[in-house]
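Quick one: the structure is below, questions incoming.
Chains: A, B, C and D, in written order; residue numbering restarts at 1 for each.
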Amino acid sequence: MESIFQAIRRFSYWKAVKCEFLLTMFYVLIGCASTIPTDIHNKQSVNELKVAFAFGITCLTLMQCFLPICGPAQMNPAVTIAMLCTRRVHVITSFIHILAQCVGGLAGAGILYGVTPARKHGHLGVTFVHNDIGRGQAFGIEFITTFIMTFAYYSGHDNPGIFGGFQAAPVGLSIIMGHTLGWQFTGASMNPARSLGPAIVCNEWSDHWVYWIGPVLGAILGGITYEYTTGGGPEIKHLRR
Amino acid sequence: MESIFQAIRRFSYWKAVKCEFLLTMFYVLIGCASTIPTDIHNKQSVNELKVAFAFGITCLTLMQCFLPICGPAQMNPAVTIAMLCTRRVHVITSFIHILAQCVGGLAGAGILYGVTPARKHGHLGVTFVHNDIGRGQAFGIEFITTFIMTFAYYSGHDNPGIFGGFQAAPVGLSIIMGHTLGWQFTGASMNPARSLGPAIVCNEWSDHWVYWIGPVLGAILGGITYEYTTGGGPEIKHLRR
Amino acid sequence: MESIFQAIRRFSYWKAVKCEFLLTMFYVLIGCASTIPTDIHNKQSVNELKVAFAFGITCLTLMQCFLPICGPAQMNPAVTIAMLCTRRVHVITSFIHILAQCVGGLAGAGILYGVTPARKHGHLGVTFVHNDIGRGQAFGIEFITTFIMTFAYYSGHDNPGIFGGFQAAPVGLSIIMGHTLGWQFTGASMNPARSLGPAIVCNEWSDHWVYWIGPVLGAILGGITYEYTTGGGPEIKHLRR
Amino acid sequence: MESIFQAIRRFSYWKAVKCEFLLTMFYVLIGCASTIPTDIHNKQSVNELKVAFAFGITCLTLMQCFLPICGPAQMNPAVTIAMLCTRRVHVITSFIHILAQCVGGLAGAGILYGVTPARKHGHLGVTFVHNDIGRGQAFGIEFITTFIMTFAYYSGHDNPGIFGGFQAAPVGLSIIMGHTLGWQFTGASMNPARSLGPAIVCNEWSDHWVYWIGPVLGAILGGITYEYTTGGGPEIKHLRR
């Protein structure tokens, strides 16, 4: 247990934490902004494809830009927990990262609240389960989409060359995929921090548990599936302390 | 004939079969989910471009992610048959792959059935020939789009470097192209497994033969055209047993 | 003059001609298909972005796929003439290529005519100058967009590495750019062969000269600008005989 | 101070200035053209995603095409000022570049004025602060989006390999991101030259200061944040004289 405390005392460790904070902040800020309808009386005025690209391209671009600065960021408590379960991060590290991500998500939602007009404060990207779909179905959608995203995350970062040196591409693209599947049913969160930020700012908590349990279990299963499929099994790989 | 039975007994062979199953499942699940209209009384509420990107990006991302795990997947009975005709896979292999793809397509459509509300169960991505277009025309559209896609598949996997190390890009992009051409006429299946899954789940079989004969013939001609154009001719290349 | 006749007798030369034919055929087929409105009484039902991506992605994907087979294709009489003016192709070669492109464009439009219902035969992607815009303005739009596209074509093929080994990317992306600029005014042809095909099939020739003079002059100036900007000047570079 | 005057006398220096002019001209021309509504009585007829892609893809494609000709262009007075503040360009150089960019933006808007019908001259891409949003909020949106874009600019050009050799990708993608956030509130300028051109041509100056102060301060902070985050601090790096 000593080594982790030594690691935490290093400067580069806190740089990674800062990156998690900044990336999740920008991710929530830009993604949630894209979900604000132009006409608040017509929810159809949100272009579904725009939302998908906003979240996907933001993740893909920023994660890649921060790669040479602080290594592969997770930007997602579910992914961090999956990495903890497959023993890629230490439990203390993962706890601090999740904290940074949640605070980052809150900061992003807060900034969005600040720069949007009061009329639109009821539409700041809160994810909710749509009326005609059950709780279990919503759980299933979050579970599956996060499963795929986490698998893509592991695949991209373990094989940096396969996407032409563009490691963050699979994560970003699978976020786009997740939105084409889940947007009209659950809002396609795939990320507890992304759901937590707007929920706190707008104080809307209906079915919030779905956006924690679904992504976290999906991510854990995705990570474990990846480790077993690639034949590595649950051995210790220290991607980042 | 002994060598193929030996190959089948290897672990890596069944890993490839598992990959075909998983990839086709996710492809059908995400792609078909994107075709569900937000408003079931207004079929125009489906964003055509979203469907094209959903199928294209899913194919491109997942095929690339699974590349280091189990080699180039086919995800498509038509492509597998084309590879059989150009002697790139063995007849027994191809049979098992097609089976895995069809079961995968069924599983994807089944999961989609499970996570969508009952009101929308009539719109789970079944491909059908639109009213104002003849059977022969529908066949032609499926034939041409699959021809181009198969050509792109061969080209991408034979020349891994041309898309910047992104081998699955040409297949994914040509699926997007196929949707811009065929979506409003036939639903742009280009993949018998993708049509079979929703057809079984929704039990809608009108003109289903179009989605088998069209893609398969198109893919065979596409594969043969590629082999002759590149000057290779029908020689034996073992991309995957 | 002997060497060109010897070159023409080579097999690889006619392969390049065949590629020009096939590529232009698929380009016109897929691109023009995307311009067919779902509802023929509502021209706004065409998704502008879909058209841009259909033309752009088709060019980018197919040009790249055919690159290892028959070298960089032009797919465009305007580009071929520009390459003739900057002495990159021989006059006889360019003449045969233009012929192949025009026949390819006609074939693509003909196939599209064959696979579409009669009700939609009035909307097969014919480019026309919209009502509220003058002939000179239409010329200007075609001139500028083709200028940029040709510059990108030269830049991509002279510096294969700059787009990560994806030489056809700049051409394809600049076709998307051209459509966001010109689609609502002239249909953003940027390619005489793409305009010729549908014009013959639908027998609509109003303002057809705009789609020859505009792109050809734009491409010539774009090519010359590129040669002088890169400091090469009009020296002989034999990209393809 | 002598070295800068010597640098200015070199030919390559003025080539860079010419590139800044051309790139900003094309950027403003294509981007602003995409904002022209098809139906001028219905502002919703502008496809938001099309605008985002028009600006983003234009920046990404052209900046990459000009890279081997004249080095990394800035195309943006805000970025130039940020590079001045982080001591990457000389003060005289930056002044001349900003001038070239502003004249380029004006030229682009002027060409657009020339090729569009008179009916649409009121809609040539002028950025304005929308009614239901305060001045400070508009400033905040321009500040944040330009902050992210500048960070991505520095990151892409300092680490050419991270986007698979596609240095201009992060800038272009972050322009798309900025539009998904800011388009409905401020028009998502992120570039004083892009706002200046249409403002002069249409002679509309309401809240024009927002599009100078916001991007410039955001870019400066983005540049400084990048320098400190990467550990370089404000040392002299001569990217371009």
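Going forward, a residue touches a chain if its C-beta (ideal position, glycine included) is under 8 Å from a C-beta of that chain, and two chains touch if they have at least 3 such contacts.
Quick caveat, the model's predicted, so the values are computed rather than measured.
The greater number of contacting C-beta pairs, out of the two interfaces B-D and A-D, is seen for A-D. Repeated interface: B-C and one of C-D or B-D share more than half of their contact pairs by residue number, and that pair is C-D.
As for how the two copies chain A and chain B face one another, under half of their interface residue numbers coincide. Mean C-alpha position of chain B lies 41 Å from that of chain D. A straight line joining the Cα centres of chain A and chain D is 29 Å long. Counting partner chains per residue, chain C has residues 47, 49, 163-165 touching two or more of them. Across the interface of their complex, chain D is touched by residues 164-165 of chain B. Residues 15, 18, 26, 29-30, 33-34, 36, 38-39, 45, 47, 49-51, 53-54, 57-58, 60-62, 64-69, 111, 114-117, 119-120, 163-166 of chain C touch chain B in their complex. Contact residues on chain B toward chain C in their complex (touch as defined above): 44, 47-49, 52, 132-134, 137, 140-141, 144, 148, 151-152, 155-156, 158-159, 161-165, 169-170, 173-174, 176-178, 180-182, 184-185, 229-230.
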